[in-house]
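Presented sequentially are two complexes of subunit A, the first with subunit B as partner and the second with subunit C.
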Partner chain A sequence: MIDPVFLEVSVVVLGIFLLMAEAFGLAKEKSTLAWWAIGGLAAVFIGTFFIGPNSNSFEVSGFYVVDGLSLFFKRFVLISTILVLVMSVDYLPIVQRLVPAERPGAGSGEFFILPVFTCAGLMWMVSATDFIMIFCALELVTISFYIQVAYLRRSMSSLEAGTKYLILGALSTGFLVYGITWFFGATGQTNLVAIREVLPLIPVANHPAILFGLALVLVALGFKIAAVPFQFWVPDVYQGAPTPVTAYLAVASKAAGFLVLIRVLEPFFTVPSFQNKLFLALVLLALLTLVFGNLAAIPQTNFKRLLGYSSIAHAGYLLMGLAAIGDAFAGGAVVFYLSGYLLMTFLAFLILVPVTKASGGDDIAHFNGLARRSPGLALAMLIAAASLAGVPFTVGFFGKFFIFEAAMNQGLYLLVLAGIVTVASGFYYYFKVIRAMYWQPAPEDAGPVAITKTSSVAIFILAMLILILGVYPQLLIGMLP
Partner chain B sequence: MQLALFWIFSILMLAFALGVVFLRNPVSSAMSLVMTFVALAAVFVTLDAFFIAVVQVLVYAGAVMVLFLFIIMLLDLRAEKHRKVRPSAWLGGGLVVGGFMAAISQVIAGWSALHQTKPELSDPSFNDVAGVGFTLFRDFNLPFQIIGVLLLVATVGVVLLSRKELK
Partner chain C sequence: MPTLAHYLLVSGLLFSLGLAGVLLRRNILIIFMGLELMLNAANLSLVAFSRFNLLPNGLPNYNAQVLVFFIITVAAAEVAVGLAIIVALFRAKQTTHVEDLNTLKF
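Up next is the complex of A and B:
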C-alpha cells in the first residue's frame, strides 16, 4: 500500500529527473523525454489504485485530504497530462520552429517537462483542504502555465497570450489572497474543516466580512474556471497558446478549479444565511456564463477561439450543476460532466494538431474537405463536435441531461430554460466545423493528413469512449466518487 | 502613542501609494512604492511584528524594488509621460474603486472587532524569528515544500523565456 502523499512526490521527482536528463543530454531525441514522462505518469496512475490510508502525520493532516473525490480527480489530472504529452509529441515540429534555438532542437525539451510539474500542482490542488495549501498549489499550476502559454517565443500571439494570462492571472491571485485574509480575519482559520465548524458561531455583525471574502474568492476562482464576467482572458489566451497547452488549460485547470470551488463553497452551504446569497450568486454567474459563452461563440471563425468560447459555455452548465448542489445527484452530475468534457475536448484538440500541421493554420476553414482527405479523422471530429453540442448517443448528451435533471429537481426552471436555448445555439456553431469538413471542397493540393501512431490510437480510444458512454453511461457512473 | 503612530504611518503609506499611481515619471513611482513599503514596515513594528517589518524592508523595499528600478532604467520608459488617459477609463476605474470602497466601508462599519485594542503579547520576550521559523518549517511544511517546487519551475521558466538563443 502506498502512502498517498508519495503520489505527488513521485511526480515531482519524475519532473526533476527529466530536467536532469535533459540537462545532461541523456535523451538523444527530445521526444524520448515525453515517452519517459508518459511512462512515469502512467506508473503513478496505476499507483493511485493501491493507496493505503492517509498517513495522519502532523505535517500533512491539516492540508491534504485523500477521499474518493480527490482520488478520482488525481486520476483525471494524470490522464489529462498523459494526453497533453501525446499531443505535444505531435506538436514538436511547430515548437521547434517557433523557439529561438542556437542549435536544432534546443529549448524544446522543457515543453514536455513543464506539464509534469503542472500535473503535480494540480494533484495537490484537488487534495487541498486549507486555503494556504490551495494558494500554493494554485500558484504552482498558474506559474507553470504562464511559461507554457508564452512558450512559442517567435510567435507574437503566443507572447501576447502569455502576457495577458500573466497580468490577469496575477490580478485574480490578488483577489484570492485578499479574500483569504478576510476569511482569516473573521474566522481566525484558514483550514476549510475548521471554518465549517466555526461558521455557525460567527456573530451576525461579522457576516458581511465573510460574504465580502467569499465574493473575492469567487471572483478569483471565476477567473480559473472562465465564468462570465471573468472570462475576458479566455479567447486570446486559448488562441495564442500552443495547442496542447490550450487543451491542458481547458480541461485540467478548469476541472481542478471547479473542485476547489466545490470544496471552498461547501462549508457555506451548511449555514442558511450564507446559503441563500451564495445560491443567488451562483445562479446569476451560471446564467451570464451560459448566455454569453454560447452567443459569443456563434460568429467565431478560428477553431481554437471557438473552443475557447465553448469552454466558457461548458463552465456555464457546470455552474448550473453547482447551483443545484442541494440535489443529491448534482455533485455526481458535475463530475460526470467534467469527465465527458475531458474526453470530447481532448479529442477535438488531438485532431486539431495534425490538421494544423497539414493545412498551416487553425481556422475552421482549414478543416475544409477533411472528409475527403482523411475520412477517419473527420468522423472522429464529427463525434467530438456532436458530443460537445450534446447530441444523443454521445457522452455530452448525458452530461447535460444529468445537470438539467438536478437543476429541475431544485426548481431552477429559468436556468434550465436558458440551458436548453443555449444548447440549440451550440448546435449551430459546432455544426460549422462539420459543414466545413463534409460540404466544403478541399484545397486543390491537399492530400491526406499525416498523423502519428500514438495520436491515432488516442483519437480512436477517446472517440469510442464517447460513443460507449453515450449509450451506457452507467460504466462511468459506477466509477464516480 | 501607538494610535498616533498608526495614523502617521498609515497616512504616509496612503499618500505615497497615491504617488505610485499619479506620478508620471516611472522612477518617481517606483521610489514612492519604496516609501509605501517602509511605512508599512513601520506599521508592522507597532504591532510587535519586528521580523516581518525587517523582511518587508529588506526584501520588498530592498531587493524587489532595486530590480524594479534596474528594469525601468534599462527600458528607458518615456512613453508613460505622454500617455493620455481616456475619460471612459477614468469612469470605469472610478466605478470599480468607488464600489470597492463602499463595500469595504460597509463591511468594516459593522465589524464587531472594530473597537478592540491590540492585545498585549502574553510573553514579551517572544522570539518572533523563531516563531516564523517554526511556523514555516514545521506547521506549514507541506505548503513550504510546494513553494520550493514552484521556485524551481519559475527558474526554469525564466531561463526559457529570457535567453536570447536557447542552447
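Up next is the complex of A and C:
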C-alpha cells in the first residue's frame, strides 16, 4: 500500500530528474525526455490504484484530503498530462522552429518537463482542503503555465498570449488572496473543514465580510474555469499558446478549478443565509456563460479560438450542474461531463496538431478537404465535433443530458431552456468544421496528413471511448466517486 | 494606538490603488507593480487580522502569518517569471505598452 503523499512527491522527483537529465545531456533526442515522463506518469497512475485506506498522515493536519473525488481527479490529471506529452512529441518540430537556440534542438527540452510540474500542482490542488494549500498548489500550476503559454519566443502570438495570461492570472491571484484574507478575518480559520464547522456560529454582523471574501474568491476561480464575465483572457490565450498547452489549459486546469470551486462552496451551501445568494450568483454566472460562450463562437474562423469559446460554453453547462448541486446526482453529472469533456477536447487537439503541421495553420480553412486527404483523421474529427455539440450516441450527449436532468429536478427551467437553445447554436459552429472537411475542396498540392504512430493510437482510443461511452454511459458512471 | 480598522483601511486603499493601476495604466511594468501592490494589501490585512483577533489562549493565529510568507515567496516567483516574459516580449516587439499587443484579434 502506498501513502498518497508519495504520488505528488514522485511526480516532482520525476520532474527534477528530467531537468537534470536534460542539463547533463543524458537524453540524445529531446523526445526521449517525453517518453521518460510518460513512463513515469503512467507508473504513478498505476500507483493511484494501490492507495491504502487510512494510511494518510497528512490528513491529520487538515491540509490534504484523499477521498474518492480527489483520487478520481488525480487519475484524470495524470491521464491528461500523458496525453499532453503525446501531443507535445508531435508538436516538437514547431517548438524547435519557434524557440531561439544556439544549437539545433536546444531549449526545447523543458517543453516536456514543465507539464510534469504542472501535473504535480494540479494533483495537490484536487486534494487541497486548506486555503494555504489551495493557494500554493494553484500558483504552482499558474506560474508553470505562464512559461508554457509564452514558450514559443519567436512567435509573436505566443508571447502576447503569455503576457495576457500573466497579467490576468496575477490579477486573479490578487483577488484570491484578498478574498482569503476576509474569510480568515471573519471566521478566524483558513481550513475549509474548520470553516464549515464555525460558519453557522458566525454573528450576522460578520456576514458581509464573508460575502465579500466569497465574491472575491468566486471571481478568482471564475478566471480559472473561464466563466463569463471573467473569460476575456480565454480566446487570446487559447489561440496564441502552443497547441498542447492550450489543450492542457482547456481540460486539466479547468477541471481542477471546478473541483476547488466545489470544495470552497460546499460549506456555504449548508448555511441557509448564504445558500440563496450563492445559488443566485451561480445561476447568473451559468446563464451568462452559456449565452456568451455559444453566441461568440459562431463567427470564429480560427479553430483554436473556436475551441476557446467552446470551452467557455462547456464551463456554462458545468456551472449549471453546480447550480443544481442540491440534486442527488448533480455532482456525479458534473464529474461525468468533465470526463467526457477530457475525451473529446483532447481528441480535437490531437487531430489539430498534425493538420497544423501539414497545412501550416490552425484556421478552420486549413481543414478543407481533410476527408479526401486523410479519411481516418476526418472521421475522428467528426466524432469529436459531434460529441462536443452533444449529438446522441456520443459521450457529450449524455454529459449534457445528465446535467439538464439534474437542473430540471431542481426546477431551474430558465437555465435548461437557455441550455437547449445554446446547444442548437453549438450545432451550427461545430458543423462549420465538418463542412470544411467534407464539402470544401482540398488545396491542389495537398497529400495525406502525416501523423506519428502514438498520436494515431491515442486518437483511435479516444474516438472509440467517446462512442462506447455514448452507448453504455453506465461504464463511466460505475467509476464515478 | 492604531486599531484593526486602521490597518484594514490602509490595506483596502492599497488593494484599490493596485487594482486601479492594473485597470488604468497602459505600461505593462506599471501594471505588474499594481499587481504586487494587491498581493501586499492582502499580506497587511492578514497580519492585522492575525494580531488583533487573538485565540482564546492569547496567542495570534499563526496560520495567517504562515500564509503571508507563502504569498511573499510566490510573488517573488511570479515576478521572476513575469519579468522574463516581459523582457522576451520587449526584445521581440520593442514595446511594453498594452495597446501594442494586438496580434491576436479575429
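Just so it is clear, the second predicted complex is superposed on the first by the 472 of 481 C-alpha atoms of A that agree within 3 Å, B and C clash if a C-alpha of one lies under 4 Å from a C-alpha of the other, contacts with A are read in each partner's own complex, and residues count from 1 in each chain.
The definition used in the following text is that a contact is a pair of C-beta atoms (placed from the backbone, for glycine too) under 8 Å apart; a residue touches a chain by one contact, two chains touch by 3 or more.
Bear in mind the structure is a predicted one, so any value in this text is a computation, not a measurement.
> Answer with first, second, both or neither: which of subunit B and subunit C does A:Ala150 touch in the superposed model?
Both partners.
> Mind working out whether A:Val12 is in touch with subunit B, subunit C, both or neither, as first, second, both or neither?
The first partner, subunit B, only.
> Is A:Asn206 contacted by the first partner subunit B, the second partner subunit C, both or neither?
So A:Asn206 only meets subunit B here.
> Output check: A:Met408 vs subunit B and subunit C. Expected answer is one of first, second, both, neither. What do you get?
Neither partner.
> First (subunit B), second (subunit C), both or neither: which does A:Glu102 touch?
After superposition on chain A, A:Glu102 lies in contact with subunit B alone.
> Please work out whether A:Leu166 is in contact with subunit B alone, subunit C alone, both, or neither, and reply first, second, both or neither.
Only subunit C; A:Leu166 stays clear of subunit B.
> Let me test your reading of the model: by the given contact rule, A:Ile132 touches which partner, first (subunit B), second (subunit C), both or neither?
both
> Considering only the touch criterion stated at the top, classify A:Leu295 as touching first (subunit B), second (subunit C), both, or neither.
neither
> Looking at A:Ile262, would you say it contacts subunit B, subunit C, both, or neither? Reply first, second, both or neither.
Neither partner.
> Would you tell me the residues on subunit A in contact with subunit B in one complex that are also in contact with subunit C in the other?
Residues 132, 135-136, 139, 143, 146-147, 150, 153, 162, 182 of subunit A touch both subunit B and subunit C.
> Could you please specify the touching residues of subunit A with respect to subunit B in the complex?
12, 16, 19, 59-60, 63-64, 99-103, 106-107, 110, 113-114, 117, 120-121, 124, 130, 132-133, 135-137, 139-140, 143-144, 146-147, 150-151, 153, 162, 182, 203, 205-206, 208-209, 212
> Applying the document's contact rule, which stretches of subunit B touch subunit A when the two form their complex?
Answer in residue numbers: 103-104, 106-108, 110-113, 138, 140-143, 146-147, 149-150, 152-154, 156-157, 160-161, 163-167.
> State the interface residues of subunit A toward subunit C in the complex, per the touch definition above.
It comes out as residues 131-132, 135-136, 139, 143, 146-147, 150, 153-154, 156-157, 159-164, 166-167, 170-171, 173-175, 177-178, 180-182, 184-185, 188-191, 235-236, 239-240, 299-302, 305.
> Going by the contact rule set out above, which residues of subunit C touch subunit A in the complex?
Counting only subunit C, the residues touching subunit A are 8, 11, 15, 18-19, 22, 28, 31-32, 35, 38-39, 41-42, 45-46, 49-50, 53, 55, 61, 63-64, 66-67, 70-71, 74, 77-78, 81-82, 85-86, 88-89, 92-93, 101, 103-104, 106.
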